[in-house]
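Shared chain: chain A. Partners: chain B in the first complex, chain C in the second.
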Partner chain A sequence: MLYSIIASGLAVGAVYALIGITYNTMFATSRVMSFTAGQLGMLGGVLGSMFILRLGLPMVVGLLATLIVCALIGVLTEFVAVRPVLKSLEQHLYVLSTLAFALLIQQVTAIEWSTEPQPFPRLFGIGEGIWDEKYWLPVATCAVTIIGLEYLYRRTLIGRAFLAVAEDNFAARALGLPERNLRVASYALAAVVGGLAGFSGGELLLAFFANGPQLNFYGFIPVALGGLGNNRGAVIGGLALGLFQQSANFAVGGIFASVAVFVMFIIILLAAPQGLFGSGTARRV
Partner chain B sequence: MLITRRTLGLGAVAATSTIALSRPGLAANEPLRIGWLASLTGASSAPAIGFNRGVVFATDAINAAGGVKGRKIEIITRDTQGDPTKAVNATQELISQAKVDAIWGPTNSGESLATTAVMARSKMPNIHPCVVDSLIDTKKYPNAFRIAPANGQWDDAVRNYALKVIKVKKVAVIGDTTGYGVTAAKASAEAFKKDGAEVVYVANIDATQPDMTPDMLRARAAGAEAIILWSVSTGMIARLLNTRGTMGWNVPFVGHPSLSSGEIGSLVAAKENWANVFAIGYKSCSFDANGKLPARSAEFVSRLKGKVDLADTLLWWVAGGYDAVNLIAKAVEVTGSSSGEAIIGYWNTLKPYPGVFGDYTFSADQHNGYPTDEVVMSAANSAKDGSFALAPGYA
Partner chain C sequence: MHITRAKLTAFVPYMLILAVITILPMTGNDYRALIGTRAAIYWILIAGLNLIVGYAGQLAIGYVALFALGSYTASILAAGTVTPEIPPALALLAGAGVGAVFGVVVGLPALRLRTFYFAMSTLGFATIVTQVALGWQNVTGGGIGLSGPSLPAPFDTAWGLYWLCVGLAVVFTLITANVAASRFGRALIATRDAEVAAEACGISKPQLLVSVFLFAGAAAGLAGGLFASLQTYITPDAFTFDLSLLFFISVLIGGRGSILGPLLGTILLTLLPEIAAPLAAWSTFVYAGLLLLIVLAMPGGIAALLDRESRKALPSGRAIVPQHDALQELLGGKRLQQRLQMSGILLKFGELRAIDGLDLSVEPGEVHGLIGPNGSGKTTTLNVISGYYRPQEGSLTLGGETLPAAKPVKRAARGICRTFQTPRIIGEETALENVMIGGTLAGRASFVEALLALPRARADERQIKATAMGALRAVGLDSLADIRADRLQHSELRFLEIARALMLHPRLLLLDEPAAGLSVQEILRLGALIKAISREGVAVLLVEHHADLIFDVCDRVTVLNLGRVLAHGTPAEIRVHKEVVSAYLGA
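Entry: the complex of A and B
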């Protein structure tokens, strides 16, 4: 029993963590919390199933096609829902614009795909029981993604440029960095991470249009727990959330499990408003 | 000719009497208008699409045979998209502008809860197939008639199968966390207890919960001999069945018709995970041990052949749509009138009317027309041309 909770807890936790990273990556360059993050996770599953099962593409081609479409949707998000409202960031109009765009994605998926959960292909056919690939695949994907992002941010020029924009976009622009293009690129990157979350968790969550809002909620919690913009915090927060949620499912059952999760979330935020791994920022006056 | 005041007066009288005399003739040739509130698009469109095939088939058959006492049937369809607001608007439009003689539908309870009172105000004869018990009330809605089982009848069929046919004594009752799942599971658990069964485990599971192992382990630890399931979520059902397979626990699942939904077949990890699962079905649309449908249904299916596709729908939906149109037509044919009182008055005397889907019996104080003993369990994985094999154990 304990192993089952750990396996499924880590698996859904890894998916939540990846959605958390999606939020963070978009936030870093634009200071916008884009609520399309969960929908990108949903699309990862739906597109993966569509390309591999419905259209019969090989797994690698299906994965690439899924990530490309997700990246395009990420870019579209930046153009449609983010760029027009950046000028009035303090009015938080992005909440409305990104939520509306997220809803649009969800409805189109419901109409064009299906309102019922559809099967997601078995990718490798490795493992049984708690070692089934549906449990370890999201965890492995999360590990690879976080290593990849660390490499990108620390070792590559474009990664450093991302960090520079995230740190202070006025200064970055003054230094001649193409802030707008970097922002578009970061939305594409975030969308790829979101797509990976849905694709790797597809066997667990199925290709279902209603996964979007679910991932939006539960993906946001690790961001708040781990501290906004802190990817390592999001990973730890996500995995902890997954484990706690599955334990609550076992201990108190369906209806109360979500209540338990939100109670824990509120308690942690009361104790540490900046998140467990976030640092209070000093504001120059 | 000089037109005098007298000739003008005579002419006016003649013209008026000609028009007055010709009125009955006009009424006899006027089409019989049936409003059809069909949720043909949107999330819950599958049943309405099936019903619609029956409606079209029945209408074409009656019209080809000369109509109802010379009057052609005209179906006025409004797509409600599963939205109660749209259903109410369409109902009002059908009554006040299209001036229909009777309404068939809506096909889901959410819409029907919204439209029933509207139709009652206009005393509009209404037949629907929606399951919520409160939709039928002969005092409040004397115009509303149900030709499908009510929720309580589904519940009876499930309990009857679990306790009397497969003879289990300890059951686990599981619903999802939707309003329907919570109320259905609660009512079911209470009814099981009343019948002397031991309800060892009751749970409402979030349909999106990725792993169902905790609930299945708890049900097994509590000693459940059957799982009674109330959910329309195919994802949740498939996960539960897959978990049962992984656990190697061959406990029977008995419950909601969604257990037999075609989607489950593609979602279960192995075909055998869908065995030993019994979903609510109907005798009239079930194969017997020899793979044969009851005579009346077999004859209906042979008439449908080549005209109506049954592969992607359920036979009971098509049969229900067919019966609804015929019930309205029969009322007009027998009474010779398409007035609301005449149609409702005729339906109140039906005992029983032999439809394809079932034998309907109505009286002035009972508008639940579908016979409970017609509601049976089917082997969930046995779908063939919209029908299912009768679950094992029935005499």
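Entry: the complex of A and C
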């Protein structure tokens, strides 16, 4: 029992962590928390199932097609819901514009795909019991993503440009960095991470249009836990959340597990508003 | 009371709505009763939500959760399957109570964190409530649901319930309008658009928000109970996120800081599915598209379209002429005079000593100039005094009493008021309303008294308004009292901030570069005004770069450099001080 709690906890935790990274990646270059993060996770599952099961594409092609569509949606998000409201960031209009865009995605999926959970293909057919691929696949994907992002940010020019924009976009622009294009690229990158989250967790969460809002909320908790923009914090927070949720699931049952998670969320926000690994507040006066 | 034509025309839309409400039952069509009742119920919730979204600017996107909670609470209690059976009226009230409690719980993140966290917590709460409603079968009936409270006669018919809900809707319209017009309503808008200024006026955002969350939660819970009665049977399916969107978009479509706008929005969105029935499957899509459209194309909503007043031209060539007698009237009389004393203040940011052992005293009845090159610590000194920074060492007292560090919201009550380097003004409010923000602490009526517009709340309003008019006269802006602040010139905003700071009869007035951006003529008038304020016994600390103004009006001048006092003395002494001349004033 304990092992299966750990296995499923780490698996959903890894999905939450990846959604958290999706939030962070978009936030870094735009200071916008976008409600599309969870929808991208949902799309990873739906598109994967559509390309591989419904259209019968090979797994690798299906994955690539999924990620490409996600990336396009990421770029579209930037153009439609983020760029027009960046001028008035302090009015928080982005909350509304990204929420609206996320709901459009969700409703189109519900109508064009299905309102019932659909099966997700078994990708490798490796492992059983607690070593089933549906458990270790998200964890492995999360690890690969983190390593990939670290490599991107530390070793490549474009990754350093991302960091520069994230640190101070005025200074970055003054240095001649194409801030706007970098922002678009970061939205595409974030969307790919979100798509990966849904794809790798597809066997666990299924291809279901209503996964969007769930992932939005559960993927945001790691961000709140780890501090805005802190990817390592998001991974630790995500895994912790997954374990907590699955233990609560076992201890008090499904419905009250979500109540427990919500209570924990509120308590953490009140006790450590900057997150457990976050930095101090910005200058106000 | 003098009723202007503008005020009269403002009532016309409400009269029309009331007329429709009265005419509707004459058609005798029960389906129309259902739609009318539904609109009234939605409005009860939205009226409360409007204070949160439209006034406080907090994005509560999951209010359907509180609606569902009220619904289930009332239904479960009235059914008596789990608890002893409770009369339906009491069950409805219990639903409102549960709504109020959870309204605060969900709102807790909004008290300290940026609004996205609040949006998330309401969204999370909405998903959880539906899950619990589905899963907790022996209480909620799970997916099968349970019957709503059936109200006693005369509310047991379609039209009976209609009149009950419409009546309540009218009551909620009136009481939210009361709050909106009170110091609480203005303070809510202030925390939305000028949070730091609100804090400097002594407005405690958490306290204010808790009152509003309680009220809006109760409204949502009550609406939920009535909804259960209307539906006669409720299942979790009745409380989809669509409904939440409808509530939320009604406010946005109506426009921020308006009662009429969201009311029209509610009516419009309730009728929309009736008109566009074939679109039912796409309802979320329509709502979401509408939301995107409003945000991108008309952030002002219906209210902005209705607001013709603000498109009239302003008189050109107007001048700011402070009136001395109004100032004396405002600040006159015997008042507590207190001296500000800072000694040995040390403030470090990391290793940087922003203020390095500063001693400074500001005497009542004097203007004290604080000058120095950029980065010498002038504004930082003001921020220490107004409680934004906690110095590592040193003491800070006013009239011998220590001022607690890092408590900016407590400063106004101690008689410390300030202006800001960039004016922090609420653009959507009139000049008069902006100044009235400064008098928030002067009110004595509680939130509940303001809700019901009891005599004490009305007296507060009259008194704050009179004082604010006086303050506007004192700084010379009385002719612009009814003009929206975002239409004023920069120099006028500077004087407006001073008027706001004078509202609480400050003992210490902090001015952060008030002359920046002013014309020569305006600087002269500003100088005379500052001097006149100090002569009424106020201690004035003036941070400024205009050397002429400093030497004209100051009784004492302190020169800072790198966080330390470089020189201190009368303007005449400073003007010839060797180091000051070489470091700052220039040869």
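Criterion: the second predicted complex is superposed on the first by the 281 of 285 C-alpha atoms of A that agree within 3 Å, B and C clash if a C-alpha of one lies under 4 Å from a C-alpha of the other, contacts with A are read in each partner's own complex, and residues count from 1 in each chain.
As a convention for this text, a residue touches a chain if its C-beta (ideal position, glycine included) is under 8 Å from a C-beta of that chain, and two chains touch if they have at least 3 such contacts.
Since we're looking at a predicted model, the values are computed, not measured.
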Side-by-side fit of chain B and chain C on chain A, or clash: clash
First (chain B), second (chain C), both or neither touched by A:V144: neither
Which of chain B and chain C A:Q106 touches, first, second, both or neither: second
Partner chain in contact with A:L205 - chain B first, chain C second, else both or neither: first
Chain B versus chain C as contact partner of A:V12, first or second or both or neither: first
Partner chain in contact with A:S258 - chain B first, chain C second, else both or neither: both
Partner chain in contact with A:L64 - chain B first, chain C second, else both or neither: neither
Contacts of A:I158 with chain B and chain C, given as first, second, both or neither: neither
A:Q214 touches, of chain B and chain C: first, second, both or neither? both
Contacts of A:N249 with chain B and chain C, given as first, second, both or neither: first
Larger contact residue set on chain A - chain B or chain C: C
Colliding region between chain B and chain C, picked from 5-13, 113-121, 131-139 or 257-265 after the shared-chain fit: 131-139
Intersection of the chain A residues that touch chain B with those that touch chain C: 110, 214, 253-255, 258
Interfacial residue positions of chain A with respect to chain B in the complex: 1, 4-5, 8, 11-12, 110, 115-119, 129, 204-206, 208, 210-211, 214, 246, 249-250, 253-255, 257-258
Complex interface listing, chain A residues touching chain C: 33, 80-81, 84-85, 91-93, 95-97, 99-101, 103-104, 106-108, 110-111, 213-214, 216-217, 220, 224, 253-256, 258-259, 262, 265-266, 269-270, 273, 284-285
List of chain B residues in touch with chain A within their complex: 43, 176-177, 203-206, 208-211, 213-215, 217, 233-235, 238, 246, 261, 263, 266-267
Touching residues on chain C, where the partner in the complex is chain A: 57, 59, 61, 105, 108-109, 112-117, 119-121, 123-125, 127-128, 131-132, 134-136, 196, 241, 245, 252, 281-282, 284-285, 287-289, 291-292, 294-296, 299, 379, 383, 386, 388, 420
